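Note that subunit A is present in both complexes that follow, paired respectively with subunit B and with subunit C.
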Partner chain A sequence: MTPAELTATTTGRDLRVPFGIALIALACIAPLFLGNYPLHAIIIALIFLLPAHGLNLLLGYTGLLSLAQAAFFGIGAYTSALLAVHFGTPFYVNFLAAGLMAGAIALPLGIPALRLRATSFVMCTLGFVIIGQAIAKNWISLTRGDMGLAAIPKPWFALGPASFTVSGTVSFYYLVLAIAAIATLVAYLIVRSPAGRNMIAIRENETLAESVGIPTWYYKLVVFMISAAFAGLGGSLYAHYLTVVSPLTFQMYYSTTMLIIVLGGGAGTISGVIFGSLLFVGLTEALRVAPELRMIAYGFFLLGLVFWFPSGFAPLIARFWSFLERRK
Partner chain B sequence: MTGLPILDISGLCKSYGAVRAVDGVDLHVDRGEICGLIGPNGSGKSTFFDCVTGLAKPSAGAVKLDGQDITGWSLNDIAREGRMLRSFQKTVVFSALDIEENLVIAGQMFTFPGILSTFGIGSAARNRVAALRERARELIKIAGLWDVRFQPAGKLSGGQQKLIQFASMLMPEPKLILLDEPMAGINPKLIERVVDSIRLANTSFGVSFLIIEHNIDVVTSLCKRVVVLDQGRKLAEGTPDDIVQNQAVREAYLGG
Partner chain C sequence: MFYTIIEQVVNGIVSGSVYAIVAVGMTMIFGVLRAINFAHGEYYMLGTFGAWFAIDYFDLPYPVAVVIGVVATAVIAVVVGNFVMQRIVGAPAEAGVLATLGVALILQNTVILLFGGSYKFFSGGYIEPVSVFGFTLAEQRILIIIVGLVTFVGLELMVTYSRMGKAMRAVSQNIECCAVVGIDVRHIALWTFIVGACLAALSGVLTAPVNVSVYGGMGELITFKTLPIIIMGGLGNVRGTFVAAMILGIAESLVATYVGLQFRDTVGFATLMLVLMWRPHGLFSAQARF
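The block that comes next holds the complex of A and B.
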C-alpha cells in the first residue's frame, strides 16, 4: 500500500468509527440529561431524517431534484393511521406497510415523471404533493377529510400473548433512534454498493453513464421508489408519534424542509444529512420560543447559509476531519 | 462466423428534413482490423457514428454487429451488450471521481447480471468489484496513468482524459471500438501514447477499431484501410496510399 492509501484507511478506522460510536453512546444516554421538550425536538429531527435520507439518495447521489417527498411522507402517514385505526394492527405491520405502500405508489408516478427533463420533473413532483393533499381532503369516506384521523394508537408490539406499548417520550425516543440508525445503515450500504457507484455516475454525467452501459432510467426509477419508501416510513413514525394525521401532512413546507436538510447538510454525504436534520429541525423547534420572529430568523439563517456555506455543511465536516488528522 | 465482418453497414441514410446528412453509405469493419474514416468537416462522419451507435435513429439502411441486426437500437441497448463501444468527440469523464472509479464504473454493468444485483452487499458483489478493480489497475498501468490515479479525472489534462476514456472502453472487453477524433486537442507527445494504446488494444486484446481522425499521419500509421466521406456519401475507399493519391479525395479533403 502507498502512504496515501494507508492514511486513508487509518483515518477511516481511527477517527470516524470512534467518533460515530461516541455519538451513538451520547444519543443513547441523551434522555438522562435532556428534558422532554429537547427530546421531542430530536424525535422530530430523527423522524425527518428518514425522508431526508431518501431525498439524499435521489438528489445527492443520483442528481434528481424531487419535491414529492412530502407526498410519500403523507401516504405513509395515512397508510399507518388507517391500518391502526381500522384494523388495530401492531406497529411494525403499519410501519412496514407504510414504506411498501409509498414505494409501490412511486412506481406508477415515477414512470411518467422520470421521462421528463430536469425542470419539468421538479414541477411534476410538486404536483404530486398538491394532488396528495387534495385526495386527503376530498376522499372523505376514507380519510375523513379536513377532520383527519385522530386517536392513532401509540406504537405497540405484539409477540404471541405478550404486547408492549411505546407510550412515553423517552421510550418513543429510543424507538425512533433505533429506526433512524437502521435507516442510516441501509442508506450507507446502498451508497457503498455497486449501485451507489452507478447512481453517482448518473449524477455526474447521464449520457456518459448510458454509454458505459448503465440503464440510467431504471436506476432512476428504482432510486425514486427507494426514496419514496424512506419517506413513507418517516410518515408512519410521524403518524404514530403525533397520533393524528390530517391533509396538512401533505404540505410543501415538509418537502422544502427535507430539501433544506439535504442541501444545507451537504447533498451526497450521509453524515451531512444527519447533521442537517438535527440542525434544521432542531432549529425550527428551538425558535418556537419566539413565535413571532421564528420564520424571519429561520429565513435569515438560510440566507447566511447560502452565502457562507453554498455547498452545505459537508465541506465543513470534511475540514473538521482533516483538522483532526493533522493534529494526530 | 469468423469470416463475417464484425461490423457491416449497408445503405445507411440519415436525413434532417430536406438535408441528407448521411446518404446511402456502405461500410464494413473486418475482425481485428483498424479502419479509418476521414472526410472534411460536415461530411457526415459524426452523424454516421451516431446512427451506428444508437445516439440517432437512421432513416434507412441496416447495421449489423457480429452478424446481428442492431439497426435502431438505442445507445444504451448497444452499450449494455458491451460488444461495441464508442467515444465522443468532446471527451467526457466522470470528472469528480478518480481514474480507478471511472474505470470500475465503466465495467460494472458487464459483470453484474442485473440492476438489482448491483444493490448487493455480500461477498459475491464485493468479489466482482475487486476483480474490476484489478483489471482497472492493470489498464491504468498500461495507459501510463498510474502516478495520477488518485486525482479527480476532471483535474487532468485533455490528453490524459482521452486516455482515461480509452481505458474505460477496454473494461468490458469489447470486440469493436468506435473512436471519434481521438487525437483532437491533445499535445503531440500524448498522440504517440494514444496511438500506442490503440495498437496495443488491437494486437493484445483483439479489439477492432473504426476511427474518425483528421490527423492524416495517425490514420496512415494505424489503418490498413481508409474510407472517405464527402457530403454524406462515400467518396473513396482503399489503403492509405491509394487515398492520399486519389485525385477526388485531394480536391475534396486533403487540399489539392
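The block that comes next holds the complex of A and C.
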C-alpha cells in the first residue's frame, strides 16, 4: 500500500491527530510510571529512530536500499566522542559536528556509489561499514583501536556562565525525546515538501522522473547525505548515552537493525518508522532470555515479516484506523 | 624474496580456490533467484560442523566425514529451499536481504546453541607436507586446488550442456518466458540453491584441516568475503567469479604478508570499491544485467 492510499483510507473523521497528541502526552509523562529499565529501552529506541528516519528517506521515499547507515552512525559516534574527550566541547557542538561530519563524508562516498545499480550499490554501502570498522580498529593513534574511547562525558550544555549536565536516565530520556521529536518533524517536513514528492517520483520510476525534469542524480546524492547526517546525529547520542565507543559501533548488525525498523514499520511512512523502532526494541528486550535463542527468534521474526507482512506493519495500523472509524 | 612472493601467490591460489567454490554457488543462486544470499557462509559452516561432528563423535575417516558434511548440509538446504528460498523468487530485493539474514541468524545460532560457541579442533585431512616444484605445500592445499578446478570445469560443463544447466541459464535471463515455455521456475530455483549450498559445504569441509579451528560464527566472515567476489565477477557469471576469487585470494595473501595481517579481511571490499569505480558492472560484464 502506498502512502497516498494510506492517507486516502484515513480521510473522513481523522483520528490520527487526537491519537498523536495522546501519544506525545504519554511520552512526556512516561518516566512517572516506567522503571529505569523500560526507560533505557525506550531511549535506545529513540536513538535508533534518527538513523531509521534517515534510511526511510533513502529507502522508503527515494527507493535506494543502503546498508551504510551503521558506517555513518559510527562516524557520528566517533566524531562526538573525540571532540568531547579531547576538547571538552559542550554537547550541542559535538552533536551538530557529528551530523555535519557524517553528511560531509557521505558526499565523496555517495558520488561513486550512487552510480551503481541496485545490487552493486547495496554491496558498496556494506563495504563502507566494513572499511569503517577497519579504520576504527587500525588508526590507533586517533581511535585507540579495539580499546575504544571510554569516559565520554554525559551531555552538558553551557550558556554563558551557566552550565547544565544531563546525567540521569530520566533527564536523558527527555533530551532524546526532544531530539527525536525534532528529527521526526524535520523528516515530516522534507517528505511533505515539493522535494519529498520528487523523491517519491524517483522511487516510483526514475526514468520518468528524469524525463519530467527532476534532477534525479542531484536528489539522490542530497538524500544520501541527509540520511547520513541523521545517522551521524543518532551515533552522537549513542556515544554520549553509553559513554563508550568501540570499533563495534561499525557493524552490519546496526545496519540490519535500521533496515528492520524501516521495513518492519512500513517503509515510506513516518509513523511506521516510529512504530517500528518501538516494536524492535520491545522485541529485543522481550527476547533477552538467552542470547542464542534471542537471535534464533529474531531470525524467525524476520522470515515472518518478509512472508506475512511484506509491506511492514503500517497497513495493519491503517486497517486499525478504518476499523475504528467504521465503529463510530 | 622472490621465493616468498611466489609462495604467497601459491597460498593465495589455495584460498582463491576456496572462495571460488563458495562464490560460484552464491552467484548461481543470485542468477536464478535474484537475491543476495546473506546466509551463504552458513552452509560453509554447516558442512564443516557436519564433518567435525562425524570425526569427533564417531571417529569416522576424513573422506566419509566429507560426504556426511555435504549430505547434512544438503538436507538442511532442502528444508530452507522449500520454506524460504522458493518464496523469494520474484520478491523485491529488500525481501531477499531480510529473509536470508533471518536464515543466517537461525542457522548460526542453532549451531552455537547445540555445540557451544567455543573454538573446536578439527582433526582430519591430509596435512602432511609434500614438495612440488621446490615448494613445500600441505597435501590438503593441493587437494583444494584440484577440487576447485574440477568443480569449475564440472559446473561449466553442467551449465552449458545439461538440461538442468540450460534451464538455470534460461531462468537467470528471463523468468516470465521460462514460465511460458514450461520450465518449472520454482523447481529450478530449489535445485540451484541446493547445489550452491552443497558447494559451500564442500569448500568448508576441504578448508577445515587447513584452518584447524571450527566455530559457529565462522560463516559470517566467509559471506563477507564472497559478496565482493560475486559482484566483481559480474553477478551470475561463473567464469568471472572464478577469476575474481583468484584475484582476491592472491591479493589477500600479499596484503597479509607485506601490509599487515589486520588488513586482510578488508581487502575484498576495498578492491570491490576500486573495481566498481572503474567498471560499475563488474570486471567481466560489458553491461549491467542486474
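FYI, the second predicted complex is superposed on the first by the 312 of 328 C-alpha atoms of A that agree within 3 Å, B and C clash if a C-alpha of one lies under 4 Å from a C-alpha of the other, contacts with A are read in each partner's own complex, and residues count from 1 in each chain.
Note that in this section contacts are C-beta pairs under 8 Å (C-beta built on N, C-alpha and C of every residue); 3 or more make two chains touch, one makes a residue touch a chain.
In this text, all values refer to a predicted model and were calculated from it rather than measured experimentally.
J.: Once the structures are superposed on A, label A:216 by its partner contacts, choosing first (subunit B), second (subunit C), both or neither.
T.: first
J.: By the touch definition at the top of the document, which applies to A:35: first (subunit B), second (subunit C), both, or neither?
T.: So A:35 meets neither subunit B nor subunit C here.
J.: Is subunit A touched at more residues by subunit B or by subunit C?
T.: Of subunit B and subunit C, C contacts more residues of subunit A.
J.: In the superposed arrangement, does A:300 touch subunit B (first), subunit C (second), both or neither?
T.: second
J.: Let me test your reading of the model: by the given contact rule, A:108 touches which partner, first (subunit B), second (subunit C), both or neither?
T.: neither
J.: Kindly classify A:310 by the partners it touches after superposition: subunit B alone (first), subunit C alone (second), both, or neither?
T.: Touch partner of A:310: subunit C, not subunit B.
J.: Between subunit B and subunit C, whom does A:259 touch in the aligned arrangement: first, second, both, or neither?
T.: second
J.: Which residues form the common part of the subunit A surface touched by subunit B and by subunit C?
T.: On subunit A, no residue contacts both subunit B in one structure and subunit C in the other.
J.: Over in the complex, which subunit A residues touch subunit B? Could you list them?
T.: Listed in rising order, the residues of subunit A that touch subunit B are 4, 189-190, 192-195, 197-198, 200-201, 204-205, 207-216, 218-219, 222.
J.: Which residues of subunit A touch subunit C in their complex?
T.: Within the complex, subunit A contacts subunit C at residues 59, 65, 112, 115-120, 122-124, 126-127, 130-131, 134, 137-138, 252, 256, 259-260, 263, 267, 292-293, 295-296, 298-303, 305-307, 310.
J.: For subunit C, which residues are in contact with subunit A within the complex?
T.: Listed in rising order, the residues of subunit C that touch subunit A are 30, 36, 84, 87, 91-95, 97-99, 101-106, 108-110, 112-113, 117, 224, 227-228, 231, 235, 260, 262-263, 265-266, 269-270, 272-273, 276-277, 280-282, 288, 290.
J.: Which positions of subunit B touch subunit A when the two form their complex?
T.: 75-76, 79-82, 85-86, 88, 92-97, 101, 104-106, 108-110, 112, 115-116, 118-121, 125, 128-129, 150, 168, 171-172
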